[in-house]
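Letters A, B, C and D name the chains as they come in the text, with residue numbers starting at 1 for each one.
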Amino acid sequence: MPLQTILLALCALFVAAGPASAAEPIRLGAVLSVTGPASFLGEPEKNTILMEVDKINAAGGVLGRPVEVIILDDETDVNKAVLAVDRLIKKENVAAILGPTTSGNSLAVMGKAAAAKVPLISCSAAEKITKPVNPYIFKVAPSDRLAVARILAHAKTKGYKKLAILTVSDGFGQAGREVLKELVPAEGFELTADEVFGPKDTDMTAQLTKIQGTSPDAVICWGTNPGPAVVAKNRVQLGLTTPLYMSHGVASKKFIELAGDAADGLLLPAGKITAAAKLPGTDAQKAQLVAYATAYDERYKAPVSTFGGHGYDSLHLAVRAIADAKSDKPEAIRDALEKIKGFAGIGGIFTFTPEDHAGLGPDAFIMLGIEKGDWVIVGP
Amino acid sequence: MKRPVIGQSVVQAGLFLLLLLAVPAALPNEYYLSICILGSLNAVIAVGLNLLMGYAGQVSLGHAAFYGLGAYATAIATTRFGLPIPVGMAAGVTLAAAVAWIVAAPTLRLKGNYLAMATLGFGIIISIVFNEAVDLTGGPSGYVGIPRLALFGYTFESDRSYYTLMAVVLALVVLVALHLMKSRTGRALRALHVSEKAASSLGIDIAAHKRFVFVLSAALAGLAGVLYAHYLSFIAPASFGFSFSVQLVVMVVLGGMASVWGSVAGAFFLTALPEALREFEDIDILVYGAILVLTIMFLPDGLAGGLKRLGRKLRRVGVDHAG
Amino acid sequence: MFAGAPQYIVSGLTQGAAYGLIGLGFTMIFNTTGIINFAQGEFVMLGGMLSVCLSVAGLPLPLAIVAACLATAVIGGLMERLAIRPLAGAPPVNAVIITIGVSILLRGGAMLAFGKDTLALPAFSGVKPILAFGAAIQPQSLWVLAVTLALLAALKLFFTATIQGKAMLACACQKKAASLVGISVARMALLSFAISGLIGATAGAILAPITMTAYDVGMMLGLKGFAACILGGLGNPFGAAAGGLILGILESFGAGYVSSGYKDAFAFIVLLLLLFVKPSGLFGKAGVERV
Amino acid sequence: MPANTTPCAPLLDVSGATVRFGGIHALTEADFTIAKGSVTALIGPNGAGKTTMLNAITGMVPLAGGAITLDGTDIAGLPPQKRAAAGVVRTFQNLEVFTSMSVLENVMTGRHALTRYSITASLLRTPGFRRAERACRDAAMDCLEFVGLAEAADTPAGDLPYGKQRLLEMARALAAEPKLLLLDEPAAGLNSKETAQLGDLIRAVCDRRNVTVGLVEHDMELVMAVSDHITVLHFGRPLAAGTPDAIQANPDVIKAYLGEDD
């Protein structure tokens, strides 16, 4: 009699069986954090992939076959990401995997994808994903190192000597903090304070007051919404005037909307997509960026963000590799991916080599300022 | 009065093991195996937590912390200190039990909602340590490179081999729980759940028994943590936070309080449910919440209680026909 | 060393007042039904989110906030009527699980209705800080403190001067006795959920301009509110408010003097030590167990 | 009239017991002795301190002053759970039956201190474990037969009617094989037939199972019928002690109970 209790639980499994889909289209899989704390990254990525797949299929697909992307939401949960990748590899037997959105989930599933010899193009930025290089693992988000280098270069031109850092205590913040603590002293600055705030924290006056006590020339705040917007507002409330750099994590209109007037005068490195319209005519990517931005705005009635760009780049790189390899075998796609040179994407110009599966150079970031609620291009 | 066959629970646990081992053959696809592995990991914790909550009546909203302690202990022991995996596993279980032993004394003096708050607070403190002690635990972006489980020279490479191991571990844990509950310790725990006054008047040391079941349930959570770390070879603080502790409590209550089989059923059901709801795309969270509310409403004594009543009804129907 | 103290106290009091309000919501429901409502955090989230959406939809700010609070009160009442009442006979732990299920439903519903972005409510009277006692005080902080005190006074009046208030207290002490003297326990439970929804939503609305709000802020706020009313002594409304203020100050001092990463840990360590010393909270009366 | 009237050496000797709850003086300088092999009643109007005395003896309430010795050994310092091993077990005024367990399991729990095996033994089901469990089960069945609940062994304790739950509590206490069994108003809520049966049972406990009984009770008919010796408490102080007849005739006791007949 008690054994029947187990059958009830196991039959809930079989409900998930679901019908197998037709074999004809090229099947790609995507694991994105459409819900949960990283949904502001995952949702634009999902929207972009859906938009771009329709565009590719309208233009005849690739190798004459339509492309189908099975998008699974991992809800920013590591267990769900593992289960989703398992399902894509073993049940949907996809040719390549796009995502995951977050560094943590990417690190968790890398091993499974590599073991199954299926190429995975992560949408997250952590350097550990492609260093040391895993033959099957690529990433499209520019490394934090490039963004920090861009900020420090700007700080040098301003003649700042003492810098303080304030980072969020999640995957994104920690990755940034590690690179900041390495490069700030390395570039000849003095690190006066190293403060942290929680992703859900709602008041950072204590940290800012502490930082103010060490009288830095400038403060670098590394985080993603809503934290940095609270930091910007607290800075105004405390009447602080020390220059404040933000990270590419808040390179979206949403940040300006949340921070309101407190965003004025802030500086941050960002992908060119953020201020696509304001790029000089000579920029090679401008046309592509503006087209993507307007198409996204039209279809989803929301301003585009750099994170959506990661979805765009991962999909198009995969499709390009399938075209180059003239086959949808995972092994062939992997080899083709590694040989892609000078691919103009949203995040920048991608060039992969067997040693560099990140593919982006310093040109991925430009320095933006915020004036009266809009972006201003400050430097290369 | 029929003489109880002492080996009844051994037979039940054995049948249960056979059922678990038969599952992979029945599964249409290997993908479900990873759900079964995560389900059995959760079941090990749920069985332990049920001993504490269902039998002894002591609520805990912090058990994900012991799960995490086990996982991080073996991760750090086997990578940073290069210790062999069995030593790492032992370290994981002992650390969870030791921390539980220290915390038990002051915490278990509290009762009801105050005990819930104390365990909740403890769970949050530990999860903050996982998140902030970056150089020890790898911080929020997690701990990478934990070796895949290898015991006595055999590495459990494939999911199928790992599932077989988990089936054996779960069956043993169920057997331990069944035997424990059918002994003087089990009776003492169920007694102090109803009336501590009466239990202590009969010579039962309330504090010692509470501490024992608290440490045992923590050790089982530590064991699950160890097996989880060597399965995924990557762990992050987010999986050991407050929301997982709440999920564990729901598994126990949904499965059926004071029923070992109930917690096993509750654990598998709640692990499989989100995967089964993927078809609902965006509204899967709504369906999940609704199923939770409705199950508790229509099955107040959980899945196990509901099936017991179903069994009794069927038997009565059977009797009517036969009679 | 103590240069930042005034600022820490101000931000601690602001944050703490909100925790206290949320704690009050817990106490209302606990006092009448003995249930710990894990969806309390969601009432706070709804207060913030509904206010933002209604004000974006064109309602003037004060009207939007009042409407949001009333709507949440209705949701609280519906929750009691649909989910809690049918469960009358079952063991108390089932009711807690039901509130967890409802919190998931409310969170999912808010995500689908309001989207996943963080939303901000404009401050009631500007953002220019007032410099006093060596700290920069936001006008909104004064609103938070003022509304909290006002609600506390209203609640004191409600419990001591109105018949419903006294009836609710009667239910808290002895359900059977209350029903014997003609108090409809069911209606009191409904009232307690509605009022708790109102209080929670108010906390959410007045806090939104400072902390901004999103569909998933409920869980952490609910947790802090529960900690506040445990700290103050479960069942004691003013204990909950005091507990909230203390928790807020503990957190901001923790961030200021210990380390910003461990501020929550610091607050919970102090809470646990307090519980071990005084097992029924600061102002809670130790329940004497009749032998 | 009860058979043996010869008082033997006191099994329980409470001298000068003082218990205070905050300002209330529940017991002041109260002496109370129970002779070995006797049924000794402790009576007095409500609030006289009867239950407080019982709680003091069983360690549920701390002693502010005075000493308690059982069979010569001082038990005042022992925590409640050690007092059962010392030989004193009690029943409760408002029932404390383990409703979630079966009747048999309730009584087997009574033998907790007497069933000796380690936790690992119970996990491995060693022969030692099996022997101890069987012995515990048989002894429990014996106690159930003694109080007449043998056939209800497998029913959940919560399903028993009120009167039978009282008997179950006694069986459970007997299973602990105490030297002294303290009954806290066992007749409360029983009808006259059940009370008479209870009286026979109390006598049987004392005479057949030679367990000394301490009885706190209001039902005078039962007290007079069953007790060898009676002590009267009044406002936390001993008022009188003696045989049932002496107590019935004692003017102070009558005054304390019936009040001044001015």
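Going forward, a residue touches a chain if its C-beta (ideal position, glycine included) is under 8 Å from a C-beta of that chain, and two chains touch if they have at least 3 such contacts.
Here is each chain with its UniProt name: A = ABC transporter substrate-binding protein; B, C = Branched-chain amino acid ABC transporter permease; D = ATP-binding cassette domain-containing protein.
Worth saying up front: this structure is predicted, and the values here are computed from it rather than measured.
Participant: So which chain is farthest from chain A, going by the mean of the CA atoms in each chain?
Facilitator: Using the mean of the C-alpha atoms as each chain's centre, the farthest one from chain A is D.
Participant: When you take the mean of every protein CA atom shown, which chain's own CA mean is nearest to it?
Facilitator: B
Participant: Using mean C-alpha positions as chain centres, tell me how far chain A is from chain C in Å, no decimals.
Facilitator: 36
Participant: From the C-alpha centre of chain B to that of chain D, how far is it in Å?
Facilitator: 41
Participant: Quick one: report the Å distance separating chain C from chain D, using the average Cα coordinate of each chain.
Facilitator: Spacing between the chain centres: roughly 49 Å.
Participant: List, in ascending order, every residue of chain C touching at least 2 other chains.
Facilitator: 111, 259, 261, 264, 291
Participant: Can you tell me which residues of chain B touch two or more of the remaining chains?
Facilitator: Residues 131-132, 197, 285 of chain B touch two or more partner chains.
Participant: Residues touching two or more other chains, restricted to chain A: which are they?
Facilitator: If we look for residues of chain A contacting two or more partner chains, we find 35, 169, 196.
Participant: Which residues, counting only chain D, touch chain B once they are in their complex?
Facilitator: 58, 60, 79-85, 89-90, 92, 96-101, 105, 108-110, 112-113, 115, 117, 119, 122-123, 125, 129-130, 133, 136, 153-154, 172-173, 176
Participant: Which residues of chain C touch chain B in their complex?
Facilitator: 30, 36, 38, 83, 86-87, 89-91, 93-94, 97-98, 100-105, 107-109, 111-112, 219, 223, 226-227, 230, 234, 259, 261-262, 264-265, 268-269, 271-272, 275-276, 279-281, 289, 291
Participant: Applying the document's contact rule, which stretches of chain B touch chain C when the two form their complex?
Facilitator: Within the complex, chain B contacts chain C at residues 53, 59, 106-107, 109-111, 113-114, 116-118, 120-122, 124-125, 128-129, 131-132, 197, 242-243, 246, 249-250, 253-254, 257, 282-283, 285-286, 288-290, 292-293, 296-297, 300.
Participant: Which residues of chain C touch chain A in the complex?
Facilitator: 3-4, 7-8, 10-11, 14-15, 111, 116-118, 120, 127, 129, 131, 136, 138, 207, 210-212, 214, 216-217, 220, 252, 255-256, 259-261, 263-264
Participant: Please give the residue numbers of chain A that touch chain B in the complex, ascending.
Facilitator: Touching chain B: residues 1-6, 8-10, 12-18, 35, 72-73, 76-80, 82-83, 86-87, 90-91, 103-104, 107-108, 111, 126, 128, 169-171, 173-175, 196 of chain A.
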